[in-house]
Every structure is written in C-alpha cells, then in structure tokens.
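Two complexes follow with chain A in common, the first pairing it with chain B and the second with chain C.
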Partner chain A sequence: MKTIKITLLLLGFVMLTASGTFAQKKITGLQIMENVYNRPTGNDMTAELTMTLINSSGQKRVRKIQQYIRDFGKVEKKIMFFVSPADVKNTSFMNWSYDDPNKDDDQWIYLPALKKIKRISSDNKSDYFMGSDFTYDDLGDRKPSADNHKLLREEKVNGVDCYVVESTPKDPDYMYSKTITWVIKGKWIGLKKEFYDEDGELFKILNVKNYENIKGYWIITHVEMNNIQKNHKTIMELSNVKINTGIPSSKFTQRMMMRGL
Partner chain B sequence: MEKLLNKLLKIPYVILGVVLIITVLFIFPIKKNARMETNLDKYMPQNHPAFIYSNKAEKWFNIKDGIIIAVENKNGIFNYKTLTIVKKLTKELQRLPQISKEEVTSLYTADNIVGSEGGLDVKAFYKRVPKSKEKLEEIKKRVESNDMIFSRLVSSDETVTVVIAPVIDSVFSQELYRKILTLAKKYQTPENKLYVAGRPIVEGTMALLGPADMKKMVPIVLLVITIALYLTLRSVKSTILTLLVVLLSTIWAFGLMALVNIPVYAVSTMIPVMLISIGVAYGIHLYSHLHLYQLEHPNAEKTEAVKDMLKSMFSPVSMAAITTIVGFLSLLTSQVYPIKYFGVFTAFGVFVAMILSLVFIPAGIIAFGLPKIKKRTAEKGSNDKFAYSFAKQVIEKKNVTISITVLVVILAVIGVTKVWINSSFLDKFEKDSDIVKTDRFINEHFGGTSTLNVILDSKEKGAFKNPEILRLVDKMQRTVVGDLKVVGNSFSLADYLKRMNKVMHADKDEFDRIPESRELIAQYLLLYEMSGYPDNLWKVVDYNYSKANVTFQLKSDNSKAIDAALNEINSFKDDFKKLGVTINFAGSGYKAYVFTDLILQGQILSLVMSLFIVIILLALMFKNLLIGLIGSVPIVLTAVITFGIMGWSGIPLNSTTALLSSIAIGIGIDYAVHFIEQYRVNSACGNKLLTAQKAMAHSGRAIFYNAIIVIAGFLVLLFSVFPPNRELGFLVSLNMFISFAGTLTVLLILLYKANIYFKNKKEN
Partner chain C sequence: MKKLILILVFALFAFQPIAAQNLDFSGYVRNYTGMLFGNGNNNFSIQQNTLNLNLEKRFSNSAFKFNPMVYHYYSDSLTFRLREAYIDLYFSNFDVRIGKQQIIWGKADGVFITDIVSPKNMEEFLLPEFDEIRRGVEGAKFDYYIGNNTLELVWLPIFTPNLYPNSNSIWAPKQNIPMGAKRNFSLMHVNPSFDNSEVFGKFSAYTGAIDFEIMGAYMWDDDPTLFKYVHFATPTGANYLEIKPEYKRLTVAGGSFSTTLGPFVLRGEGAYYWGKYFSTNNPLVNHGEIQKDYVNYMLGVDYSLYDVKLSAQFIQRAIIDYDKAIVPTPFFKEQYNNMMTFLARYSNQSQTLTLEFFSYYDFEYKDALMRPRILYDFSDAINLQFGANIFTGTEGPFGQFNKNDMVYTKIIYSF
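For the complex of A and B:
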C-alpha cells in the first residue's frame, strides 16, 4: 500500500512542479517537513550501526552497535547493544520515545561491568547521541510543529530535485537559531541540512551519502554530520538492514538489556 | 683610515646632507613596516623540545589561557540577581569572537554529574534563572554536593563564583582587554562586585602599562641627559651633535630592523637604552679631547683642532666600538630569536654611533665651528689638580681600594647565589595594584589563578582506562596538592571517574575512588559521553585514551612556585615509567619558565664569550695579553657586583634584567679601552705616577662625565609607576656607576702595579 502511496505522491509532484507557481502555493514548508517526519520506515528494523567519530586532528574512534527498533504506535522502542570496542561490549541502551509531546523519553543503560541497569534522564532533545555530533533531535526526533517552516526555493543537489526549507524554532532558547533542509522531492528524505547556532553562524552540516529502498521504504544507510566550528565529524552507517521481521515486544525489556547479544 | 677621515673634513656639508638623507630613508620603512610583536609565543624558540611538546599538547587538549571574571556577593551567590549576572556574562563572553565560545566555563555552562533515581545524570545547574527560594536552594545543594564544581567554580564560602573564558590563540589584544573590563563594569551592582584576572589580563595590562609609562618617562630621561650633557660640554652645538649621534644611531638601527621586516620585540626596547649609555660616551670622549686641545692651543684653527682630535681619538673610539660590537654579536649564540636580534641591531647601532662620532661630529664642528671656550683656565687647572690628586690618592691608598673591592666582590658573590630567576608576570606589578589585589582575592577563594599542565603520555591506546595508571594519577594529584601550599587544586580524568563511581553507587563516599576494572572505566566513560556533551572530556584525555592532561592550579606564577610543583610532580616519574607513561609539561606558565631559563643561559654564555673576546681583542690591540686581562676587570666587576646587588636586594632575573649585563660589557670595554689608551700615550713621559695622573685627567674626566650623564638620565626612571621600569633605571645606573668606579680605581691600580709600558724603563 505504502509504495503505491509514494508513487502516487511522486506522480502528483511531477505534475505540480510542471505547473510552476501553482505548485508552490500548494505545498508549504510545514507540509514538506511533516512529510519528512512521517516518512514511513516500516514497523520494525534490525541493523548494524557503525559509528565513526573523527576529531579535528583526524583521529578516529569506531563503535559497532547492533540495534533493534520497533514502532508500537504511541511509543517507539529502541534497543542497542555495543559489539565493539571490546571494553564496552554488551553495554546496552534502551530508549522509549513517546508520541505525546509532554512525555519525556525513557532511557536506560546497562553496564555489564557494574551489572546494573541505570536510568539516564537526558535534559532535553538537544543532548548529543553517544558522543556523536548528532543530537536526538538531529536524528529525526524533532517534531515539525516545534518550528516555523518556510519554503525558500527549489533546486538541484547532485542532480536531485530538492525543496529548500528554512526552519526557525518557536522556542527562542533552542540551540539552533535556524536550520535549512534540502528535501528530496517525493522521497521526503532530508538530503542535506545546515544547522545555525544561537548567533546565526553555520554550526553543522549534515549530508546523506547513501539511502536504499528496502522493502519499499526509503532507509538512510549512510549519513555524515560535520561540526564546522569544531572540525569534528560523525559518520553513521547502517548495514544488514532488515525491515518488518516482526521483532517481538519482549526484545525491548530490561531483561534483554542484561542478557546481551 | 685617518687620512680618509681628514679628507672627509673638506666636505662637511656633503656629510651632513648624506647623514640626513640616510636618516630620512630609514624613517620611511619605520613608518611603513615597524610593528610591535605582542604575541608571546613568537618570542619562544619554536624548535626547542619543550616548546614543541607544549605547543602540541596545547592542541591536543585545547589548553588556552583563560580570562577569569569573579563575581562576588557577600550575602552568597545563590540568588536571582547574581545567577542572572553569571548567565548574562557567560553569554556575552561567548559572543566575543576572540573567546573560545564552547569553552566558556561558569556555573551556567558547567555539567553537573549527579546520581538521580538510581541513575546518572549530566545536566546544567540552571538554564532559566529561578526566582523561588526553593529552587535557588536546590541549585545551592547541587553545587555543594559536587566536588568537581564546589571550591572550583564556586568558592567554599559561597560568596564568589567565577566565569572562565579561554582566549583563542594569540588574539589577545588591548581592544579585547578594554572590552572585558567594560563588560565587568557593566554588570557590577552594589551587592555584586566583579573582578577580572587571569594570565591574558596580566599580560594585557603589562603590555599597556609598560610602554605607556615609558612614553611618559623617556622624554624626561632625554631632557635630563640633554641638560647633563650641556652642563658638561658647556656648548649647545656640542650637546646637539652628541645627542644626534645617539638619536640617529637609534633611528638607523630601528630603520634597518623595519627594512628587513623584523618586528619590534619587547626586548628591542632595550636597544635605545644601550645606545644612549654607549653612544653618548663617544661624543664625550671626542669633545673632552677637543676641549683639552683648545685649552692648550687657544688660537688653533678648527680644522687643526678636529684633525688632532681624530688623530688621538680615532683608535680608542674605534677599538672600543669594535670590541663592543663583537660583544653584542656574541648574543647570536642565544637560542632566543628576539635576543639574537637585540644583539645584532644593538651592534649595528653601536657601529653607526661609532661612524657618526668619527664623521658626523667632525663634520658638524667644521660646519658650525668649534665650541666656544670660555675663559676658564682656572677651571682647567682645578680640574687637572683634582684628577691628579685623585689618581695619586688611588695609587697611594691602593691597599684600601683593593681590600674594599675584594670585600665587595665577596659580598657580591654571596649575593649572586641569592639571585633567583623569575618568569612571573604578576610580580612585575606593585603589591597594592588592582591586578595583584584581584589575583590575591581569587587565590584566596579558589585553587589558583595560574595553571600548570602535566601531560602524561603513553604509547599504548587506551592506557588511561587502566585503573592502575589512573590510581597513580590520583595519588600524584593528592600528594602534590596536599604537600604544597602554593598548589591549590588539580583536575584530571581521575576526578571524572571518581565522581561517576560515587554517583553510580548512591553517592556513597567509599566509592569516591577509581573504579576497579578497565571495563567499568570504559563503560562509565561511554555513559558520560552518552549523557552529556563529551567535549569536556577531551580537555583531560585524548581521543584514544593514550594521553592525559592533569591541570594543577597554582596560587602564584613565579618560578619558585613552578619549580616546587615540577619537583614534586617529577618524583612520580619512575612510578609512571614502570607503567609505560612519561611525564611532560605544557602551558604558557611553563613555557615562560623555560623561556626565562633559556634567556639566562644565553646571557651567561654570551657574557663569558664576550669576556674572552674582549681579552683577546684588547691583547691584540695593545699587543699585550696582560692588558687584555686587566682590561676585562671592569667588566667582571660590573657584572659580579650588579648580580650580587640584585641578589641582596631581591631583584629577580628575568628577560629584561638579564639583558642589562650587556651594558656591563659595552660600557666596561669602552672605559677600559679609553683609559688604557691614554695611559699608553702618556707613558711617554716616563713617570708612572704622572702617566696615571694624565690618564686620569684626560680619560677619567670623560668617563666621569659619561657616567654622570647616563646615571642622571636613568635615575629618572626611579619615579616610574611601573616596577620593571624602575628596576631598569636602577640597574642601568648601577652598571654605569660600577664600570666608572672600577675603571678609575681598580683598573688604574692594576695598570700601575703591572708595570706595563715601564718594564724596560728605569723606575723613576
């Protein structure tokens, strides 16, 4: 069904863009960002995440993580197990993210050396994900309603047609003063994104290097985030991606966290 | 050479014109190119291992000098107003382009690692400033229970908190300095007082105060020297010509510097000091001779008089100058570039002063006429009489002089052992100046305003996840902070791990220690990265956990404090070595410490080298090794006694005071050459005592005038408001005085006793 929806949408856009100004009236910045936010990615996903952190002097740290994600409707649950480096093997992390905007995420971590599960409460979505250059918001958690969106223009990036949308936060204290997103028309993938800091200076650039169609879903499999101000970089690559394999809900429990891989 | 000089006398106006043109040509590059080098890093020898390592470490860990702004509220800082000031100040500082935005540390930006609901939490102490009492009380409690913050960012009596703003490399400017002061003033309220401190501020104030004070003092110094010159030369023309020699040689030296595009370093400001004290001497010796000639030949033609002056003065002036030049060139052996430049350009300036004295002054005399001789034959008589009886007294009471000298030298040598090297910037200020008071205030409330970075380096990746190594780091920190009063605090990866271990064990004090296993350490660190923003971690450990940065906070930036800390830290060297870890040091305080040492080594080396060069040159010039040895005596005396007095009076050696020993060489040579030359010339009379008396009347007089003029000029600096400038004035005067006294007494006695020039003659 969903693939059909996407093709229909695609067709629709070919027609809309053909009629120029009319198209711009039709789709708003907010709609584009909502399309991105709501882009279907399947009910569950199993994947190996390789996270490479590179600092300004070119030193690298590589972490391999086995991750499971399942959408339960009102809550999205995610469990991750460290595969390497060896000294953190089987350290696991679980995150429950709720649709209800008033409800904070629940997060737990299991440290095998301590043999204890600890709850970690993050202050907000502006926190960085596992020491990377991505905040939870950057990873797609930020709801479009938190920002005001404006469609700036349409342009080609590497031969791909994109909408360019500027988003300014409604909360003036937010860590970014604005972001500019290049959204691939029809696929609703944010291909590129620029983040501007509180002072309006370019802060970070996100680039999607690869995305794959897996079982009819557009899955981003290689993304890089470049912190311009610090010259620090994070590469996230997904491999062995499996969609809709029917991960049991019992996978997302504290017991599983402690059991490890 | 003399013939050439005599020929030049025929074209005085051409010479004056040429000198003027060259001077103008040198002024252009000065106007265009001259720039002051204020970046202290540029002064350090970049290929010295200590600097190479420190610079690298500064990059690894982002070590920067921080401006410290303290906010004091006598009623406690946990109130709406004070916390708002801290927040606003933090934000404004972050917005300054010269400040490393992400690294501004204050209670507003600090991470609070706490245990919560049986978990770990890294969060801010506050974002929006709370107004309610309960919430403020809550912040207070959080601060009090966090060892990483309490007594580090907030004083233990809770009346002071600091905002630390690291300055991006080499951008500290007077503009920023003023901005920071304005900022601090802006947020000051009756209850909340703001104080500004930190190394950049100290450096900034110094860079502002020193030259500003000099600008005020130099005209007065020149005025006093002009007056003194006039009083001795008794002629406006002569005074102007002598002063011009000094001024032009200074302009030419700085002109050449600008022409070859070498910036003006702080030590370069010593070049005029050298040229004034040395350059004035040449003119005085020339005029002194001219004066004597005129007295003897009242009706002499000006050309004749000048020719006679050149004839007798050419060789002593050029010998003195060449020896001095070689002495300054010996500074080329220094490892410190600004010192090399100082040596080269002072040598060039001395060379110019010599040429101008031998060409420009004669040309001036020919062009503008001889100085008028007032009928003061009586004065000449009294002058000679005084010189004669002085020389006689010195020789008759030589035992007294020698014993006093020996006694003074013994005392001086004891004093020399008390001389200490000080690379401190703060010690250069008045004890009751604002900057020193602020520093003391912050030192009283916190660990210290000066930092010493200890870099632990292992070849092994992940070494700093090894509990054994971390326990040793912790032990070192506790030992150093515990043993040394001057070390107030320390900070390292060990503090993070202890804090996390404690928090993860329900805040139990017994877990305030390094975790037992490598895995637990790795997992805590991962947890920390996941909970907060890990950048703070990269200030204490590198990306691969193979290098660690331990920061010690010192209550003083002077070399004694750094020395004590270095010794204590180095006592852990062997223990670390067993674990494959080496100890190194970094940071601007450490670099200044090494730097001062380097300058000193170079200075001592150059002093010893110059001494040998002087002995050899003098021996060659006078064709007698003994004369070389005797001639070096004033230099040695001056250097030893000056350093001795520095030791006794507690004036430390630093980059400027060490350089002053160059005056000892320059002036010492000058006096020795002139005096020995006159002694040699007058020895023709065959009477030893008369020879001594004649030398005293001729050369001694000039030496006396030269010393008096320069001393009078530099004593003006004693009224300076900037202590280093006062020290400068005192030490230059002291150097001049000892050189003068040593030459006229000890040198004379030695010449007399050594029987030189009289060996083959019958004793009269």
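For the complex of A and C:
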C-alpha cells in the first residue's frame, strides 16, 4: 500500500527502522526507491503546511494550508483546507489515491465563491501543485515502476550516508529526462534530488532542510525546491504535525469540503 | 440612505464584542469601472465600488454567517444587499441551515439547468461573477449524509423571483409587448404562506467512478408569465391590451453527473420542466399563454492542454409538443434551441497571471458573448483585472445587447 508520503504536502519520508537488513546485502536502485515510496508510516497525519513561493525578484507569496491524511488500506485520502491568502480562503481540495496502480486518483476541489464541488482530472501528474515548483509527481505520487533505477554510488551528504540513485523514465516524453536522488541509508528519506529537463540540463534541485522524529516516525518538516532555470523557489514547511490521532473517516467527505475548518 | 449607514455602523459596533471571540472577518473591496465602446459614445456603463463583508463564526456544533454587500455607484447611490445570513446546526448525520442562503446545484458552468433553487439577479445580465448573479433565498436546508451520499431537502416559504433591471437600463431584456399595452402588476406577487412554499429535493453521490445528482422541485417559475387581457371598446374608452404578469408554478425533475476519462472530465446535466408558460401570438386564447413541457440539458468536457484549461459545453432547450404559435423569445426561438459555451484559461506557473477567454454562442440567433479577461495578482491581497464583454449578432440572448460592448477594469482587495 502506498502510504502517507511526501505527497502534496511534503511529507512523510518516514524511517524504516529495521534497516540493518539492507546493510548486509547489495541493494539495487529499484529496491531503494521502493523503500522510499513504500516506507511504513502512521495511519493518519494532521499538519499545517506553509508554502512560500519566491520568484526571481525575491517576491514572496505565502499559502497556508491545513491538511489531513489517512490511510484506509486500499485507498489513502487527503483533504486540504486553504487558510490564506484571503482570496483562496475556504477553498478545499480532496484526493483519494488508490493502491491499484491501474486506477487514477479521484480529486475534487471546492470553490467557496461558486459553492460547488468540482471533480478534476488527476491524469496529468506533471501539473504544478498550487503554483509551486513541485509537480504532483515530485510530491510523491510517482510510482517507482514508472522509472528505471540505477544505483550510481554511495556517498556522504552533510555527513549523512546516502545512496545515490539515477532514475530514468520509461516514458520518453516525460517532463524529466532523469532524476538523481540522494537517499539516506536506512531512513529511506530522499535528502536531495536533482531533476534534469528533456535536454538533459539541470532543471530543479530539491533539498530537505529538516526532518523530525514524531511518535517514532521521521517526518520532513522543511523542504525547498529550486527551479534553477527560472530562478524560482518553493519552500514547504510543516508545523503542528500530529500522527495517529484517529482522524474520523467522515473528515474525508464532500460534506467537510464544503463546511471547511 | 442615512438609515442604511446607521444600520451598518450599528452592526459594526454590535459585532465588536463578538469579534473579540474570534469572529472571522473576510471579504473584499472592489472598484469596477466599465466603459461602453459598442455604441459610439464611450459612456461609462458602470462605476461601482463594492464592499463584500463575510462575518462568520464556527462552533463545534453550529455556525453562522452574515454576508452583507454594499454597492456604491458613480451617481453616489448606495445599494445594500444581504447576500446570505444563516445559522448552521450540525448533527452527527445531518446538518440544518436556516436563513437567507445561496444554494447551488448541478455540474454545468454558466448555465442554469438544475441550478434553480437560487434565482438570478440579471440587473447586469450575466456579467457579474456567478456568486453575485445568484440571489439568496430564505428558508431551511436539511442535509442528511449516508457515507459520501447526501440527501438534501430545501423548503422555501418565501418566494424570491429573478430580478431584472428597469426598462431604461442598458441591460433591460427585450420583451414582446405590443406598443400601447397597459401593465397591471396587481397579480405579480406570491404571498408568503405554507401553501405557496417551494420545495426542492436532491440526492447526490460522490463515488470513485462518478459523481451524480438526482433532483426534483415543486417551485415557482422565477420569471413571471405575461398574461394578456384584451379590453374591448366601451362607450367611455377604446380597445386596449392589458398585461398582467403573474408567477406560476413549475415542476422540475432532473439530474447531473461528472466523471473522468483519462485526462478528460465529462459532465452532463439535464432537467424536465412541466407546465412552463409560453407566450403565443393570439391574446384571445388562454390570455396569450399556453403551457408546454420542455427539456434543458448540457453535455460538457474539460481538458488541460499543457498549461491551458479548456472547457466546452453544449446546451439544448427543446419544447415538447411544440406549437408554432409560440412567440420567439431570446432563449426560445424555435422548438430546439442550441447553445455552446467555451472556456480557455491559462495561468503562469506561479499563478500570478491568468489569461481567460469565456464565450457563449447561440446557434439559433447566431449571436455570441465573448469575454476575454486578464487577471494579475499584484500581491496576495490585490488582484487586478482587465477585460472586455463583446456581444455579436443583432438579436437573441446576447445579440439584443450588441450596443453594450464594453471594456472594464476591476481592482479587488481581499482581506
């Protein structure tokens, strides 16, 4: 089951505690990326997400979002409520992500001015999330089976032992020609990631700036994505993170989308 | 007007103690200036300043909202509208909302098929934002939840009709009323009573595969029927025609759906209307009005092409058992009346700049409304808009306003 992960809201890169297993064996690039994708997490998470967009002139736009995520077994449900700025306040977004690799996510958005819930297509994972530098794939929705993975080397980043994995898409028309990910050994956190465009030029760099142990889970609480070519940056920060609080299933309904926080 | 200002001042002071308890203030201030360019005189069609104030408070099992809007016009007149003022009560499996509220149904954009609970304010035709076009209705809404399904019942004891501009407005719709006819508005009123209530019901479901709604309504037609009375010459007067507008009952059943097919979102909506009155060219028979059923439906598709969101809708209105004596109107020229809408919207990656083009095209009158617009977020709080409304054709729902082509700017400060 794909569980709570970095998705839209950055997150969940959680530690796989039983890491010793891999230390003794030659691990493949695919295994590493599957460990990142499938790392076990808590059943649910509540958090406040602050997303800061910084353009080439240094101008900042800040979006605050309250989010809830819960794993229901075969489906993971997320609901997000936009808190600020004022023009998007009370907008909500819900995503149901299925275990079945052949089934697309279901997504809805509620626009308070229209008082209407609209179903939207989740087909294009290359779309940018809310004006940020993260695509939906970047946020964790991309399945490891979509790429070919090769373990390039092992090296330290800021004193942390990492695997370095190159991933090339099976779809030649995909927006990235390849990505290179530095994965923390044993924790299966993508500490750094480079994205290369269709011409093979460096396009974006993702850096995890902070992660915290919350209830025994490693949660990324600060990540930055730099678009090198456009000189644009997005910072995502999580605060008030709560794990396994027993979010009721009724939270993930259209009723709550319309009611808001 | 002084009274209105006093009321607002009083309301602000009255709310001060509540504000201390985290009353949620939000809304916007907007300047909207529009200039005509289709009639050769470049008159300002609108110079409007608006305050939209949302006062909301949420408790664990209840909430309330008070949403006044104040419009200031260049003539220094003030118009006050209470868009919504309601109380919510939350229970485990159902919610109740009581008061003045906007209720929006259906899956169509920009057309009203099953979205018939809240009537429309057409004082500026279809040009305002859609939340401003809809009028609040006074009544109670009951929502019962079964998983992701909802049964919604709406009871409106007070009838609220569509609102149209004065006959001297540039947005006054053309009516087929003979010259010299006298108007008598004595019957154009629906007394608030239990018998005169409107009732609406809807079942909606959101599933992994499809969203759908099934609805029904026993309501008043939001537009009055223009009954015609011929008064023959008497020793004291000549023949004359008297028009007596009267609201009549309408029964409606319909539904809508929305689903995805790969990158496409497919939408549909339809309704059957029983007993709609249509004007005929013979005022001596049934006072110039006959009842016919009609069908109104929409099929639409949404698609994203790179960064451009595209949406198209086909809409058809068909009169059942059509009678050739029916007088054509802008929305019913013939038995079958076809229309399309088209939307293209591009936003840059940081979503600060949006380019939008929305249009209606009517196949019967071959008229259209085209609405290009540029939206720019000057900051998180300030949005600037520059747009145009271009009417083509000479008659029909859009062609009737062919002298009202306009450009406009909007500056919106959200708080």
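Just so we're on the same page, the second predicted complex is superposed on the first by the 234 of 261 C-alpha atoms of A that agree within 3 Å, B and C clash if a C-alpha of one lies under 4 Å from a C-alpha of the other, contacts with A are read in each partner's own complex, and residues count from 1 in each chain.
The rule is simple: a residue touches a chain if its C-beta (ideal position, glycine included) is under 8 Å from a C-beta of that chain, and two chains touch if they have at least 3 such contacts.
In this text, all values refer to a predicted model and were calculated from it rather than measured experimentally.
The superposition on chain A brings chain B into a clash with chain C.
By the touch criterion stated above, A:62 is placed in contact with chain C alone, chain B being left untouched. Looking at the shared chain after the overlay, A:85 reaches both chain B and chain C.
Shared-chain residue A:120: touches chain B and chain C both.
Of the two partner chains, chain C is the only one touched by A:106; chain B is not.
When the shared chain is aligned, chain C comes close enough to touch A:253, but chain B does not.
By the touch criterion defined above, A:229 reaches chain B but does not reach chain C. Using the contact criterion defined above for the overlaid structures, shared-chain residue A:154 touches neither chain B nor chain C, since it reaches no partner.
When the two complexes are overlaid on their common chain A, residue A:261 makes contact with chain C while staying clear of chain B.
In the superposed pair of complexes, A:199 makes contact with chain B only, with no contact to chain C. Of 217-225, 487-495, 595-603 or 631-639, the chain B stretch that intrudes into chain C once chain A is superposed is 487-495 (criterion: clashing C-alpha atoms).
Residue overlap on chain A between the chain B contacts of one complex and the chain C contacts of the other covers 53, 55, 61, 85, 87, 108, 113-114, 116, 118-123, 127-128, 130-131, 230. Chain A meets chain C in the complex at residues 53, 55, 61-62, 84-87, 89, 96, 98, 103-104, 106, 108, 113-124, 127-128, 130-131, 133, 230, 232, 250, 253-255, 259-261.
On chain C, the positions that touch chain A within their shared complex are 26, 28, 58, 90, 95, 102-104, 107, 129-131, 143, 145, 147-148, 150, 204, 206, 208, 211, 258-260, 262-265, 302-304, 347, 349-352, 377, 380-381, 383, 412, 414-415. Partner chain A is touched in their complex by these residues of chain B: 59-60, 95, 101-102, 116-121, 123-124, 127, 462, 465, 504, 515, 517-524, 526-527, 529-535, 538, 542-544. Only residues 53, 55, 57, 59, 61, 82, 85, 87-88, 91, 93, 108-109, 111-114, 116, 118-123, 127-131, 173, 199, 229-230 of chain A touch chain B when the two sit together in their complex.
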